[in-house]
Structures are given as structure tokens and as C-alpha cells.
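As C-alpha cells, here come the structures.
Two complexes follow with chain A in common, the first pairing it with chain B and the second with chain C.
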Partner chain A sequence: MSSAYLYSILATATIFTLLALALNIITGYAGQAMMGIAAFFGIGAYTAAIITTNGGNFLLALLAGMLVSGIFGAVLGVISLRLQADFLAITTIGINFVMVALFNRLKITGGTLGLTIKKPVLFGVKMNNTYFFYMTVILIVVLCLLLGKMRRSWFGMALASINNDPGAARSFGINVSRYQILAFTIGTAVAGLAGGVYAHRMGFISSSDFAFVVSIQAVSMVVIGGLGTLRGPIFGALLITSLPEILRFADDYRELVYGLLLVLMVRFMPEGLIGDDSPVWSALMKLWRKFVPKKKTRADLIAESVEGGR
Partner chain B sequence: MEELMRIEGLKMYFGGLKAIDGFDLVINKSETLGIIGPNGAGKTTLFNAICGVYTPTAGKVTFEGREVQGTPAHEMAKMGIARTFQISKPLSGLTIFDNVIAAAGVHEYTGIQSYFHKAHTPEIEDRAEAVIREVGLADVANKKASDVSLGYLRRLEIARALVTQPKLIMLDEPCAGLSNFAINEITELVMRLKEKGQSIVLIEHNLPITMKVCDRITVLSYGKKIAEGTPDEVKNNKQVIEAYLGEEDDG
Partner chain C sequence: MFLQQLINALTIGSLYALTAMGATLIYGILGILDIANAGAYLVGAYLGWYIYYGTGSIVLAFLLSMLAVGLLGILLQRAVYSPILAKPHTLSIIPLVAAVGLFTMSSDAVRLICGPNSKAYNLKFPVETLRVGNVVILPAWLMIFALTAVLLVILWFILNKTKLGLAWRATAGDAEIARVCGVNTDTAMALSYILGYGFAAAAGIMTGILYNSITPALGEVPSYKMLAIIVLGGLGNPMGTVVAGLIIGIAEVFLSVYTAIPIPKDAIAFVVLIIMLLVKPDGIMSRKNKV
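The block that comes next holds the complex of A and B.
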């Protein structure tokens, strides 16, 4: 395997990791059904591509892609307030199809011919797959740090509460609507960022790059890895993007394999392969605890204080 | 006695169904007020209409002199009105401790700024721990809420309400479905809160408990108040006996 080929796969894998992490903010943390993330991936991709093909700065184009996608996401967030789980899922699927149709018809997105994008130059270097890979890894690391901070903050506590029980969340002061809209805005903005990187790494985009099947791929990544964790979507994205390389012989049946995997996971392992309560992760943690004893949490200490006394 | 909440002409209609039909009530500070009534009388609907889960069809709710009817539930919680749910609503994926921490953040959920404030601060943890010990949840503090029994979930409801440091706590059947032993424990807990001067509204099906705990009782039947007074007054009220036991047959 040549290193150019390897970096081409890695660049794709990391971009989809970013997309899976974006979806995880909406579906994993806030618990909102989102089956149309590819639409926002596309909005970010076209926005950034249109800016750079008109001579705009690459990094500013990525930011703009994020912003525009996030604005569309906020609008979807407002719509989502009136919809319960299944209807929200159907609505987001609909939005995906509408956006693909628009990408296909609008003049500014190149219609059916798509858009050809020049490889950007960053800090005087023409970007190739290797650079795209490193750049995306940096973006993933930064995003994971920000998400880690989010989970420890009141913002993260609000999303976790809404995910578990919106009625309970309201009863202790959480404005559920506001946090739902924020989750949609942030998640779709990150999806837009991933789209901008994708467009420039590919050098050519057309509407089929953002089809419904791409949304399902992203859902598969998150669900197979483990909803609501950081490692889950990363693992899932790397697994799913490397599968086509491993399953070369089954290329015609790829979508069938994703679909089957998704059904099997949801039925038999809803927590994902390495989600918090999954057998694999529990076994790994048990092994880990043999070497590194668990640091006692405040909750453990409270529980122990009465167990001894009773 | 100082007035805390006043409800005037409250109506809650669902299409043609008049679940609450012109209800008046005054709740005083440091008072324990019971709301009783047969099944389907509208007790929980009344809670939901007061706490902002529903927007009342008509009527006025005044809390500390401010008109608050129709204010959304999360704003009510911030104003100091905490409620528990008859059907427990645990945050199943979180530990009991984190459930209480989540509720302790009642004033922290300010939107995007809440990203910059860490949830598990020592002050918040101390407050959560104190409440957990008070209601008797300490032995399951590190268990996931999905793994504990109904008795603990009922206490969790009360713990989450208490940790918001409410001016008024509204308990919706905290003893429903519990064993006699667990009922006694909850009753003692409510008595302790009452001694501390907490203002309490209690919906309860179990009449002996309501009689024991409450200073005053309001009886609701088909969305209307049919009696109000001290436990003894209510116990001997003819209409109340009829509502509970059916009308006496003259035949």
C-alpha cells in the first residue's frame, strides 16, 4: 500500500469522524433524532467551495461554511420543537432530500455538473491528502477537548437531562427549547465545517455526495461505535470508512452491509460496540481497573459512608 | 399568616372536558396544605396548570404578589416552585448523585454561558450530598437511577425538588405504590420538612397520612372544590364522604 493511498483513506476517515462527532452532539448528547446530517455537511461544503472558487480565503471559507450550516441548523432546531422523535426523524430525512434537490438544481451549486474546487494553499503550501489528514486530526482533537469541557459543564448537564427526560429537565429550570436549538446549531455547524474540509479535499463535489445514504452512514458510525460517548463515533467512523477497503470484494453490497449492521446493532447492542455499558467496554474497563484502581467519586464516598454504618 | 400563593378562578379545559373548572385556593407560608379527591378529580391537572406544564384556560395564579399564570415550567422552578411527579421521572442514565446535581443547577441553566461553568463544584456537591442524606438516598448515591427501586425513585423526586431550595414544594402522591414501611419513612420526611418551616402542597390518596401531616385540606371533585378546612372539618363533611364513598341510598 503506497503512502499516498493510505493518506487518501485516512483523510476521508478523519473527515467522516468529524461528521460523526457532529451528529453525536445532536443525537448522542441531546437525544434528538437527526437523519439528515448530510444536508448540513453539504451546505458547509458548497458554501466553502463557492467562496474559495471565487477567490476567497480557505480558512475563512471553512468558517463561513460552519456559520451558514449552523444558521440552517438553528432553523431546523426551531422546527424540531414542535416534533416528537419519529416525526423529527422523518422531517430531517425530508430536509436531506430537499437539499439534495436544491444542490442539483441551483446554478450557484453547479447543478448536476457539480463544482470543481482548486486545491487550497495554506501557509504557502498546497494542500494534499497528507495535509488534509493532519488538519482534520487537529480539528478532531480540538473538538474533543471542547466536547470534554462541555460534558463537565452545566451545558452538558442540561443536554444529558433533556436526553433522559425533558419533563424532569423543565422541572428543575432547564429551558428545553433553548438547549435543543443550541444543540442543533452547534452540531450542524460542526457538520458544515466537516463539509468544507471534504469539498476541498475531494476537489470536486456534486449533490450525490450529500445524499440520504451519507446521513445513514453517519448514523451507522455513531450507533455502531456508541451513542453519547467521544470514543464511539471516532471508532465507528474509522471502522465504517475502512470497511469498503476491507470489503472490496463486496463493493456492490456496501449499502446492504451498512443497513444490516445498523439493524443488528440497534436490535442486539443499542449501546454500541464500545459504548458505556457494552460488553466489550465493560470488559476493557475491568481489565484496566486491575492495573489502575478506580478513583473514588464523591458519590462512591457517600454510598460507602452509610454502608459501613448500617 | 403570610400568603405565599393565591389561585383565583383557575380553569383548565381540554376541548369539551372541564378538568379544572373555576378553582380558588390560598396557600400560606410555612403551611402544609393537602389536596385530596377521588381518582380523576383533577389533582395532577391542577398541579400541571399551576406549575406551567399546561397554560391555564382562564384564571389567575399569584406567587409572592406576582401574577405567574402561564409562565413556563422552567421559569416557575427558578422562581422557587418545585414539584415532584406522581410517575417518577428519573434521569435513568445518570447516577442518583448526578440526578440531584442536575437539579441543583436550577439557576445555572442560562443557555450558551452555561458552557463556561463547571457543574461539579464543591459547593454544589456539598448541597447535593446534604439533600441526599436528608432524604435517605445515601446508600444508592453512586447507583444509576435505572438500577434502583421505586421507593428510592420517589425519594429522588423529593431530593431533586428540595435541592432547588424552593419556597414552595408541591408533592404529587409521594407515597403512591409504596410499602407501609416506605410510606412511614416518606411521611416522617414530610414532617421534618414541615418542622423546618417549608411551605408544602401535598396531593395524596392515603387519607390517614394526609390527615396526620396537613394543616389544612382542600377536597377536589370533578374539577371543583367541594370542601376546605382543617383535617377534622373535612373528615366530617357530608359532601366529602359522598364523593369518596358514593351518595347514601335513602331506600
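The block that comes next holds the complex of A and C.
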């Protein structure tokens, strides 16, 4: 395998990792059924692409893609407050189809012909797959650090409580509406960022790049890896994007295998391959503990001293 | 012209209603958005084609295909959906993911087994095309109207006049309470699947006859349009589904004929849906006024 080819796969894999992490904020952390993340991936992609093809700065274009996608996401967040889970799932599917139809019809998005985007120049270097890969890895690391911080923050805990039981969360005085809208805004903004990077890495986008199938793919990544964890979506995205390469020998049966995998996963391991409580992850953690004994926390020490005192 | 379009719209609408009925029955009992219904529609259309060409009888094609696909539905319910629902899960999209997987599998299996090219039913009708004034009524339309009406009446009869139907309605109302009262909720689930998948198969065959072509991609458009229709009908409400199917059929035909909206025909269902949900978030008919 040539290294150029390897980097092109890696660049795709990391961009989809970013998308899976974005979806995970909405579906994993806030527990909202989002089945149309590809629409926001597309909004970000087209926004950024339109800006750079009109001579705009690449980084500013990415930011703009994030912003526009996030604004649309905030609107969806407001709508989501009115809808229960299943209605929301279907509405987001609908938004996906309507957006693809619009991308395909509007003049500004190039219609059926799509948009051709020049490879951007960043810090005097013309971006190729290798640079896109590094750039996306940096974005993922930054996002993971922020998400790790967020989960331990008041916002993260509020989201977790809303995910567990919105009614109970509300009774504790948590502003469910505000946090839910915020989760939608952040998630769709990250999806928009992923879209912007995707558009420039591909050099050409058309409406079919953001079809419902892509949303399903993102959902599969998150579910197969493990909903609501950081490692799950990353693992799921890397697995699903490399699957076509692994299954090359069975190229014709790819979708069949893909569908079968989804069914088997949710049938036998709904918590994901390496999600919390999954057998694989529990075994891994056990193994890890064998080599690295757990650091005693304050709570453990207190518990020990209480037991010793008895 | 108007009357012609109306008849055209009603034909398409009744096909939609029949296609979405399976998803409605299944949602009513299990609360699953079963996209795999579109897989049943596709498999039914192909199975019907093979039976029609094997036996030369379209009646046999309908009956056998509906039965086989209905039994397949029960098998899937037992092997996939019920075990998933039995496990505690926090998110409603988990069963939906399984349904998407099943649908992907069925489309690809049909492509691999039956080939990617389209097949034609080439059904000869014993009656001529009807002409009333300048309105044309194709025999295929008459068949669709008649068959849809018959199937819906059968459904209405089963749900409202039989013990099985009583069990179904009780389970749809509250599965827990129904079980406590001695209702066999498993039977109700099986009924949903055999009727739901069977109806989808019938709709698949009728679509195949109407457009005289079936391809492995046949299920794609119904897979999502069906969802819009069952939501419009008030999720799990069979009567509402019929109304919603007709509304979507009419909206699609009239909007694409008489207006120049920049949205393709197949996305209209969702535009109607999104507007509707914003105005009335519970669907056209709320769950209370069930059949």
C-alpha cells in the first residue's frame, strides 16, 4: 500500500471521526435522537466551499461553516423541545432529505453539478491528504480535550442528568431546554466543521455526499463503538471507514455484511463494542487493572478507614 | 384534467397508505420505527414476480408472497426485534438502527440474488382501459383501489371484530396492563408483523404492476416516505395512516403539477410533515381516536 493511498484513507477516517464525535454530543451525551447529522455536515461543507471558491480564507471559511451549521442546529434544538424522541428521529430524517434536495436544486450550491473546490493553502503549504490528516487529528485531540472537560463541568453533568431522566433533571432546577439547545448547537457546529474540512479535502462535493446514508453511517459508527463515550465513536469511525478496505476481497457483499454487522451489533451488544458495560471493554479494563493497580481516591481511603475502625 | 389528476393522486395515495400500514401496526405494538418494512415491500415485489412467472397466476403471486413475507416478519420479530426490546436501552434509535441494518441487507440480498437489472411484470388485464369523457382510468388503478379497499376492510374487521384484534388494541393501548389482564401480547406482536409485512408485500407487487418495473432500489423511497406518513397519521393509528397516505398522494401530485416548488416530489412528504409537526406536534389524529 503506497503511503499516499494510506493517507487518503486516514484523512477520510479522521474526518468521519470528527463527524461521529459531533453526533455523539447530541445523541450520546444529550440523548436526543438525531438521524440527520449529514444535513449539517453538508451545510458546513457548502458554506466553507462557497467562501473559499469566492476567494475567502480557508480557516475563516471553516469557522463560518461551523457557525452557519451551528445556527441551523440551534433552530433544530428549539424545534426538538416540542417533539418526543420518535418524532424527532423522523423530523431529522426529513430535514436530511429536504436539505439534500435543496443542495441539489439551489444555484449557489452548484445544483446537480456540485461544487469544485481548489485545494487550500495553509501557512504557505498547499494542503494534501497528509496535511489534512494531521490537521484533522489536531482538531480531534482539541475536541476530545474540550469534551473531556465539558463532561466534568456543570454543563456535562446537566446533560447526563437530562439523558437519564429529563423530568427528574427539571425538578432539580436544571434548565433542560437551554442545555438541550446548547447540545444541538455544539454538535451541529462540530459537524459543520467536519463538513468544511471534508469539502476541501475532497476538492469536489455534490448533494449525494450528504445523503441520508451518510447520517446512517455516522449513527452506526457511534452505536457500534459505544454511545456516550469518547473512545466509542472514535473506534467506531475508524472501524467503519476501514471496513471497505478490509472487506475488499468481498467487495460485492460489502453492504450485505455492513447491514448484517449493524443487526448483530444492536441485537447482541447494544452498548457498543467498547462502550461502558460492554463485555469487551470490561475484559480490557480488568486486564489493565492487573498491570496498573487502581490509584486510591479520597473516597476509597475514607471507606478503608471506616472499615478498619469497625 | 383536475379529475384525472385526482384519480391519479388517489391511486398513489392508497398505495402509500398500504405501504405505511405495516409500519403503523408495528409501531402501535412495539414502538419501533421499522424501516425494514420497505425491505418487506421489496422482497414481496420480487417474490411475487417469481411466483407470477412460475405459475402464471397473479392471484397466487399475491397470496403466496404476502404469506411468505408475513412469516418472514414473524421470524424477524422473534429473532431480532423482541430480544432487542427486552434489553434495557436508553435510546429509541437502537431498534431503528437494527431496522436500517435489516433494510440494507434485504436490498443488497435482492441485488445479489436477482441481479441489478429491472424486471417487468407485463401483466395483461382482462378489462380494457376505461374512458369516461376525457378521464382515463387504467385497469391497474382499478385493481389497486379494489385490492387496497379489500385489504383495509379485512384489517378493520380483524382489529375490531375479532378476539385477536381486541388483543391487538389492548396491547397497543398499554402492553403492561394487557399482559396483566391475560392478553397474549406475543400474539398481538405476531399479528402486527404478519399483517404489516404481508401488506407491504402486496403494496410492493402493486407498485411493480403499476410502473411495470421492479429494481433492487424499489424500497429506498418508501423506506423514508413511510415514516413521514405514519407520523402524519399519528404514529400507530391505522385509520390516520390511510388519511395521511391519501393526503401525501394528493399533495405530491397536485403540488408537482400545479405549482413550481423547487423541491423534488419525494421530499414533499417531509416538507408537509415538518410544517405539520410545528403546528400540531401530535400528528393529524392523536392516538386517542384509534380505529
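Just so it is clear, the second predicted complex is superposed on the first by the 285 of 310 C-alpha atoms of A that agree within 3 Å, B and C clash if a C-alpha of one lies under 4 Å from a C-alpha of the other, contacts with A are read in each partner's own complex, and residues count from 1 in each chain.
The rule we apply is simple: a residue touches a chain if its C-beta (ideal position, glycine included) is under 8 Å from a C-beta of that chain, and two chains touch if they have at least 3 such contacts.
Just so it is clear, the structure is predicted and the values come from calculations on it, not from any experiment.
K.L.:
With both complexes overlaid on chain A, does A:94 touch chain B (first), chain C (second), both or neither?
P.N.:
The answer is second: A:94 touches chain C but not chain B.
K.L.:
Based on the superposed arrangement, let me know which partner A:303 touches: chain B (first), chain C (second), both, or neither?
P.N.:
A:303 contacts chain B only, not chain C.
K.L.:
Once chain A of both complexes is superposed, is A:105 in touch with chain B (first), chain C (second), both, or neither?
P.N.:
So A:105 only meets chain C here.
K.L.:
Just checking: does A:163 make contact with chain B only, chain C only, both, or neither of them? Give me first, second, both or neither.
P.N.:
both
K.L.:
On the A-aligned overlay, A:153 touches which partner chain: chain B = first, chain C = second, or both, or neither?
P.N.:
In the superposed model, A:153 contacts chain B only, not chain C.
K.L.:
After overlaying the two complexes on chain A, where does the chain B footprint on chain A coincide with the chain C footprint?
P.N.:
163-164
K.L.:
Under the definition above, what is the set of chain A residues touching chain B in their complex?
P.N.:
149-150, 152-158, 160-161, 163-165, 167-176, 178-179, 182, 297-300, 302-303, 305-307, 310
K.L.:
Which part of chain C faces chain A closely enough to touch in the complex?
P.N.:
Within the complex, chain C touches chain A at residues 27, 31, 33, 80, 83-84, 87, 89-98, 100-109, 112, 224, 227-228, 231, 235, 262-264, 266-267, 270-271, 273-274, 277-278, 281.
K.L.:
Write out the stretch or stretches of chain A touching chain C in their complex.
P.N.:
Those residues of chain A that touch chain C are 27, 31, 33, 35, 79, 82-83, 85-87, 89-91, 93-95, 97-98, 101-102, 104-106, 163-164, 212, 216, 219-220, 223, 227, 252-253, 255-256, 258-263, 265-267, 270.
K.L.:
Residue numbers of chain B touching chain A in their complex, please.
P.N.:
Chain B reaches chain A through residues 51-53, 72-74, 77-78, 82-83, 85, 89-98, 101-103, 105-112, 114-120, 125, 129, 132-133, 138-143, 160-161, 164.
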